[in-house]
Amino acid sequence: MQHQVMGYDRAATMFSPDGRLLQVEYAEKTVRLGSASIGFVCSDGVLIVADKRIIDSLLVPESSIKIYEIDSHVMGTSAGILSDARVLMERAQLLAQQNRVTYDSEVDVETIIKEIANAKQAFTQYGGARPYGVEVMIAGINPDNSGKLFVSDVTGNYLGYRATAIGENDEKIKEELRKEYKQNLNTDHGIKIAFNIFKKVFGKEFDISRFEVAIIKAEDQKMRRYFGDALLKLLK
Amino acid sequence: MQHQVMGYDRAATMFSPDGRLLQVEYAEKTVRLGSASIGFVCSDGVLIVADKRIIDSLLVPESSIKIYEIDSHVMGTSAGILSDARVLMERAQLLAQQNRVTYDSEVDVETIIKEIANAKQAFTQYGGARPYGVEVMIAGINPDNSGKLFVSDVTGNYLGYRATAIGENDEKIKEELRKEYKQNLNTDHGIKIAFNIFKKVFGKEFDISRFEVAIIKAEDQKMRRYFGDALLKLLK
Amino acid sequence: MQHQVMGYDRAATMFSPDGRLLQVEYAEKTVRLGSASIGFVCSDGVLIVADKRIIDSLLVPESSIKIYEIDSHVMGTSAGILSDARVLMERAQLLAQQNRVTYDSEVDVETIIKEIANAKQAFTQYGGARPYGVEVMIAGINPDNSGKLFVSDVTGNYLGYRATAIGENDEKIKEELRKEYKQNLNTDHGIKIAFNIFKKVFGKEFDISRFEVAIIKAEDQKMRRYFGDALLKLLK
Amino acid sequence: MQHQVMGYDRAATMFSPDGRLLQVEYAEKTVRLGSASIGFVCSDGVLIVADKRIIDSLLVPESSIKIYEIDSHVMGTSAGILSDARVLMERAQLLAQQNRVTYDSEVDVETIIKEIANAKQAFTQYGGARPYGVEVMIAGINPDNSGKLFVSDVTGNYLGYRATAIGENDEKIKEELRKEYKQNLNTDHGIKIAFNIFKKVFGKEFDISRFEVAIIKAEDQKMRRYFGDALLKLLK
Amino acid sequence: MQHQVMGYDRAATMFSPDGRLLQVEYAEKTVRLGSASIGFVCSDGVLIVADKRIIDSLLVPESSIKIYEIDSHVMGTSAGILSDARVLMERAQLLAQQNRVTYDSEVDVETIIKEIANAKQAFTQYGGARPYGVEVMIAGINPDNSGKLFVSDVTGNYLGYRATAIGENDEKIKEELRKEYKQNLNTDHGIKIAFNIFKKVFGKEFDISRFEVAIIKAEDQKMRRYFGDALLKLLK
Amino acid sequence: MQHQVMGYDRAATMFSPDGRLLQVEYAEKTVRLGSASIGFVCSDGVLIVADKRIIDSLLVPESSIKIYEIDSHVMGTSAGILSDARVLMERAQLLAQQNRVTYDSEVDVETIIKEIANAKQAFTQYGGARPYGVEVMIAGINPDNSGKLFVSDVTGNYLGYRATAIGENDEKIKEELRKEYKQNLNTDHGIKIAFNIFKKVFGKEFDISRFEVAIIKAEDQKMRRYFGDALLKLLK
Amino acid sequence: MQHQVMGYDRAATMFSPDGRLLQVEYAEKTVRLGSASIGFVCSDGVLIVADKRIIDSLLVPESSIKIYEIDSHVMGTSAGILSDARVLMERAQLLAQQNRVTYDSEVDVETIIKEIANAKQAFTQYGGARPYGVEVMIAGINPDNSGKLFVSDVTGNYLGYRATAIGENDEKIKEELRKEYKQNLNTDHGIKIAFNIFKKVFGKEFDISRFEVAIIKAEDQKMRRYFGDALLKLLK
C-alpha cells in the first residue's frame, strides 16, 4: 500500500525499492480474472479445453471462438485481455506462415511461444506502453510428431508442461491435474479429466455450452474444434 | 474513486492495482452516450438500422449519413466519437480496395473488423495517444454469400453476432432482440423488428426522420440506403 | 470544476471519468469566440458571407482576406485560431493541386473537407500536440455542377448543409436561417438573407465594411470575391 | 491568476478552460518588450525605420544591424527575441535563394511571410518546443513592381498593411500612422513621418544614433541601408 | 528513506545527491531473490550447477531449463527476472551464430559476456526503459582450449572468475567456495563441491530434483546437461 | 522568486507570465561565473587576452589552452561551461574545414559565429536538452584582410565589436575599454591596454601566469599563441 | 538543500537558479567514491598505477583488469561507475582501430580523450539519459614519441597533465605529486613515487595485491601490464 502512495506502481519500467515491477503484477491480476483453460499433452495428440464464459443466443458460435488455430499443427488460448491475446495470436500465425514460406516446413512449437514471450518481455522493459495483460497457452505437434504444451506468463517467461491450466482458479485446477494426469492417457481420456475438474470447480454453475474443445492429433496434425452440439456428441 | 485520487486513471497504458485499464473504461462511457444502431443477419442479406439523432432542416441528408459503405458488399456504423469512427471506416475502405487490387476479389467481412479491432487494441497499449472512443458494427456478405455481423468494442476485442445493438440502451435493445430474433427471418421482417424495438425504447420521442436503414442483399451484394421519404416508402 | 482539480483537462489525449475530452471542449470555446460566417448552397452556385471583424485603415484589404480560394471551384472560411485555419487551408490547396496533376480533374468538394477533418481528428487522438482550435466551412461546385457546403467541427467530424453558420452567435444565426432558407433561392437572394440576419444579430454594431462575400457560380466555377466598394455595388 | 495555479500556462500545447493558449500569450509579452519598428508602402518603394535601442561605442555598427536583407528586393525586421528573429530571417533567405535557383525568378513577398508564419504556427501547436517569441515585419517589391508590407504575430497569423508598427508602443505609433499616412506619399515623406512619430513617442529620449533605415525602391529593387552619418545625411 | 520521499529513486537515469543510481540498486534486489547457481573453471572443462527452484510434476523437465546453451562451447545461467535472462541469452546465441558465419570460427567467451554487459549498461544510462533485473553467469571453452567463467552484474560490469556463485545466498556460497576451490580440480570434483555447498546452505530443504547441471569439456567442447535421473546417475 | 515556486523555471522551453525564459537566464549566470577574456580588433590584426584561472604545476600548459584555433585565420574563446565551449569550437573547426574543401577558400568570420549562434538558439527553443551554458567570442581576419570580433550570448544572439569582454566582471572591463579603446591602435598597444585593465580589476590577485594571449595578424593570417615565458617575453 | 526541495536536481538538463547542473555534480560524487589511479609522463614513457580495490581469490586476475589497452600505444583507466568506463574504453578502442584502417597510422592520444570527452558532454546536455558517472585518465605515446597524459571529468572537459590522480583522495595524492614530480624522472622512478604516495595515503590498509601497473615505453610503444607476482618482481 505504501508503494502506491509513493508511486512505484505508476510505470511499467520502474522497480520498487524491494525489486518488484508493480505494473506487471497488476497485469497479472487481469489474467486471474480471465476465464480458465486446461491443456494436455496426450499419447495421441494435444488438447485444450477452454471456458468461453459468454452464453448469448445472439452470438454466432463459429465467430466467437476462444481457441485460435495458429497453424494446422499449433493452437493457442489465453486468459486476460482478449484483444491483447488476439494480437499475439495473429503475430504467431504470421510467424508460422513465414516459416512455411522460408523453410518449406512446419514451425517448431517452442518457436511460437518464444515469439510471444519475447514480445511480452519487451513491453515490461521499454517505456511508453503497458505490458500485455494476458497469459498464453500454446499446444501443438512438432515435426517429430511429439506433442508440446507451453504457457507464457505476463512477464514473458515460459515453461513446458505435460498438463496445466491458466485463468481463474488455475491453482485449484492444477492441484486436481497433479492428481489425475497420467503420462500415457489419450485425448479422449484427457477431455474427460478436464470436464470432471471443471465440474468440480464450477459446481452448480457448470454449463457445457460455455466450453470449447480443440484437439490436434499426431497422426494427421489437423486442429479439430468442438462446441455446442458437436461437443455434446464428442463427450458421449 | 480512490483510483482517481491515486491517478491510476490518467494514462491509457497504466494498470490499476486491481488490473483494470481505467482510461479504456472511460472511453466506453463515451460509447454508451452515442446514438444506437441495430444490426441483423437475415436469410436474404444483412441489415443495419441506425439512429442519427440529429434532425436539422439545414442539413443535407445525403451528406450526413451514419452508415458507411466500406465496399459494395460491406458496411459499418458506430457509437461514440464520430470522427474516430470516420477515420476507422476510411481505413477499412482502403483495406477493401487494396484487397480488390491485390487479390482481385472481395475482402472477407471478418478481415475488415479485424483491421479495425487491431487499430483499437494498439491505442490501448501504446502511450502517447488515447484509445479510440468508438464501438464499431460491421455487416456484410462474404464471397460465399453468407451474411456476417461483427461488433468490436473499445478495447479492440470483437465478436460475431446474428443480431445485436450498440450505443445508448444497447442492453435493453439486446434483451428485446433475444426475444424477437428468429434464425430465418428476412430483411423485411428484420426492419420491422428493429423499428418495433426502437419505438418501445424511445416511446414518445420516437421519430422516423432520425433513422437511416441500409441493406445488403446476398443476391446482388449491393448496399442500399434508405432515409427520409425513401425510408417511409420502404416501411410500407 | 472537479475535473479541473483532478487534472483530467490537461492533455488532449485523456478521457475524463464521464468519457469527455476536455481539451477538445476548450478548443471549441476558442471557436465560439471567432467572428461569424454564413454559407449557402443556392440554385446557381455557392456563397459565403464572412465577418472579418477588423476595420483598420492601415490594412490592405486585398491582403487581409477571411475567405480562402482553395481551387477555382472550392473556397473555405473559418472561426477560431486564424493561423490554424491558414495551415489547414494551405493543406487543402495542396490537395486540390495534386488532384489536378494526378487525375487531371477538379477535386470533389467532400474530399477537401475530409482531408481537413482527418487532420483535426488526428490532433485530438495523438499526444504531443494540441487540437486545431478552428471550425472550418468549405463551399464549392462539384464536377457534376452541384453545389456543396460542409462544416467540420473541432473534433474532426463534418456534416453537409444547405445553409449554415459558424463562429460567434452561430446558434442564433442558424435559427434565422431555418426560417429564411428556401430550397431554390439564388445567390443574389442568399446574400440578402445573410445580411438581413447579420443586421438583426449585430444591431447597431453592424458595419458593412467588416464583411467579405465570395461566390462560386455553377456556370463558370470561378470564385468571385467582394469587399469594400465592390461589395457595396453588389448589394445594390 | 487562477489559470497559473491550475497549471494551464505550463505547455504551449494546452488550452485553458476558456480556450486560450497562455504560453503563446506570454510569448507576446516578450514581443511588446522589443524595440519598435515602423514600415511603409510608398509610391516609389517600401521603407522600414527601426529602433536598434543599443548605443555602445564598442559595437561595430555594420555588424549590429536590426533590418535583414532577405533578398535584394525583400527585407525584414522584428520585435522580441533577437536570436529567434535571426533564425527565421535565415530561413527566409534560404527560401528566396531556392526560389531563384528553382524558378529563376524573384520570390513573391507574401511567400516569404507565409514561410515565417507557418514555422510560427507549428511551434504553437506541436509539443516539445516553445513558440517563437518574435513578431516579424517583412517589406519588399513584388515582381510586378508593387510594394508589399506584412506583419506576422506570435501565433503565426499575418496581415498585409499600407503602414504599420511592431514592438513597444506599437498601438500608440499606429494611432499616429492612421492620422499621418496618405496613400501616395513617397519614401522621403515616409521617413519624415516615421521620425516625427518616433520623436513624439520617445520625447526627450529620442536619439537619432539608435536608428536604422532601409529602403527598397521599385525602380531598381535594391535594398539601401542608412545609419550613423549616412542616416543624418539622408535626413537633411 | 529520504531519497524515496524526494523521488531520487523513480528513474533509472537519475543520480541521488550522494551519487547513487537507486533504480539500479532496486534491480539488484530482484537478483538476490533469484535462485542460486555455482560455476567452476576446472582442469578438464567448465561447469555450472543451477537451482531451478521449481518442482512441479506437471512440468516437462526438458522444457523448463535454467542453463542455456549459447553455442556448443558456451553456456549461461542467471539470477533475477527470468524473461530478461532469456532475452539476453538469445542475444548471445545470435552473436555466437553470427561469429561462426562471419569468421568461420567459434566466438570467444569474453565477447559473449561483453555483449550482454553492454546491453545492460545501456539500460542503466538511457531513459524510457528499466535496467535488466538479472545477473548473468557465462561459462565456456575458448578456441585455445582454456576454460572461462564470467559474471556480469546489473550495472553491466563483469569480472572473470575461477569459481563463483550468483543469486540468493551468493555471499555465503562464495565464502565456502574460497575454502573448497583448488586450482586443478576436475569437473567430477567440482560437482561434488557444489552439491556439498548447496546441501550446507539449504539444510533440510535441499532436494536434488530442483537442480540442473551442465558441463562443457575442453576435449570435445560439447555442452552436456543433467537433471532428474541422469543427474542422479552422474552423482554416483 | 514566485516564478520558482510556480515552476516557470523548470524547462528551457517555457515562457514565464512576463515573457521571460528563466532557464536561459540561469545559464547566463553560469557564464558570469566563468573566467574573463578581452578581445580587440586592431589596425594590424585581432587579439584575445584570456584568463585561464587555473595554476597547477602538474598541468602541461600546451595541453590546457583557453583560446582555440578554429582555422589559421580565426580563433575563439569562451566563458561558462568549458565542455560546452569545446563542442561548439569543434563544430566551428569542422565548418571552417568544410568551407576550405567545398569552396577552396577561407571561411568568413561571421559565418563561424552564426553557426555557433544558431546551435545555441535551437537549444533554447527545442525541448529535451538544456541551453548551452557558454558565451563565445570569435576573432579573425576576413579574406578581405579586415579584422572581425563577434560575441554570441547564451540565447544565440550575436553582435560585432571593436573591442569587448566576456565572463566575470565583463561590465567593469567594458567600462574601461570604452575609455581606453582607440580606433587605430595596433596589437602591441591592445595587449598593454588589456593587461592594464586586468590588473585594475584583479588588484592584488593579478598573476601573469594565469593568462594566455593569441594574435592573428592581417599580414600573414597565422594565429600565434603566448603563455608562460613566451608571454613574459612578449610583454617586454 | 533548497534546490533539492525545489526539484532543480532531478534532470541532467536543468540549470539551478545559480547556474549549476546538479545532476552532473551528483555524478561527480560517484567518481570520488571510485578507487584511485595515478598517471605519469616520464622521460622514457607513460605510466599508470591503479588501485583495483578488490581482492578475491576466486577472481582470475587476468580477467579483472582496471587499466584498458586502447591501442598498443594508448591505455586508459577510470574512477566511478565501472560499466560506464568500459563502454567509453570500447568506444576509444574502436576509434583507434578505425584510425589505423583509415589513415594507416596510430591515433593521436588527444584524439582519444576528445572522443571520450565529447560523449560525456553530450550526456550532460541532451535529456533522456544520465551523465556518464566516470572520470577517465588516458596515457599514451604520440607518433612523434612524446608521452601524453589526459584526464576528462564528468562534464566532458579535459586537461593535459605531467602527472595526476583520479578517484578517492585525488586531491591529497595530487598534493604529494606536486612535491615529488620532477620533469625528467623515468618510469622506474615514477612507479616508486606512486607507491610511496599510495602507502602514505592508505596507511595500514595498503596492500600491494590490490594494485595494477601499466607502462608504455616510447622506444617500442607496447603496453606492459604488471600485477600479482609480476608486479612484486618489477618493484624489486
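As written, the chains take the letters A, B, C, D, E, F and G, and residue 1 is the first residue of each chain.
The working rule: contacts are C-beta pairs under 8 Å (C-beta built on N, C-alpha and C of every residue); 3 or more make two chains touch, one makes a residue touch a chain.
Fair warning: this is a prediction, and the values are worked out from it, not measured in the lab.
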Over the chains that touch one another, what is the least number of steps taking subunit A to subunit D? 3
Residue-number overlap at the subunit F/subunit G interface, same or different (half cut): different
Could you tell me the distance, in whole angstrom, between the mean C-alpha positions of subunit C and subunit G? 67
How far is the middle of subunit A from the middle of subunit E, if each middle is the mean of its Cα atoms, in Å? 30
For subunit E, jot down the residues that touch at least 2 other chains. 12, 127-128
Read round the cycle from subunit F toward subunit G, the chains appear as F, G, E, A, B, C, D
Seen from subunit A, its contact residues with subunit E in the complex are 6-8, 12-21, 41, 110, 114, 117-118, 120-122, 124-128, 148-150, 155-157, 159-164, 174, 177-178, 181
Listed in rising order, the residues of subunit D that touch subunit F in the complex are 4-5, 9-12, 22-23, 26-33, 54, 56-60, 62-64, 81-84, 86-87, 90, 123, 127-133
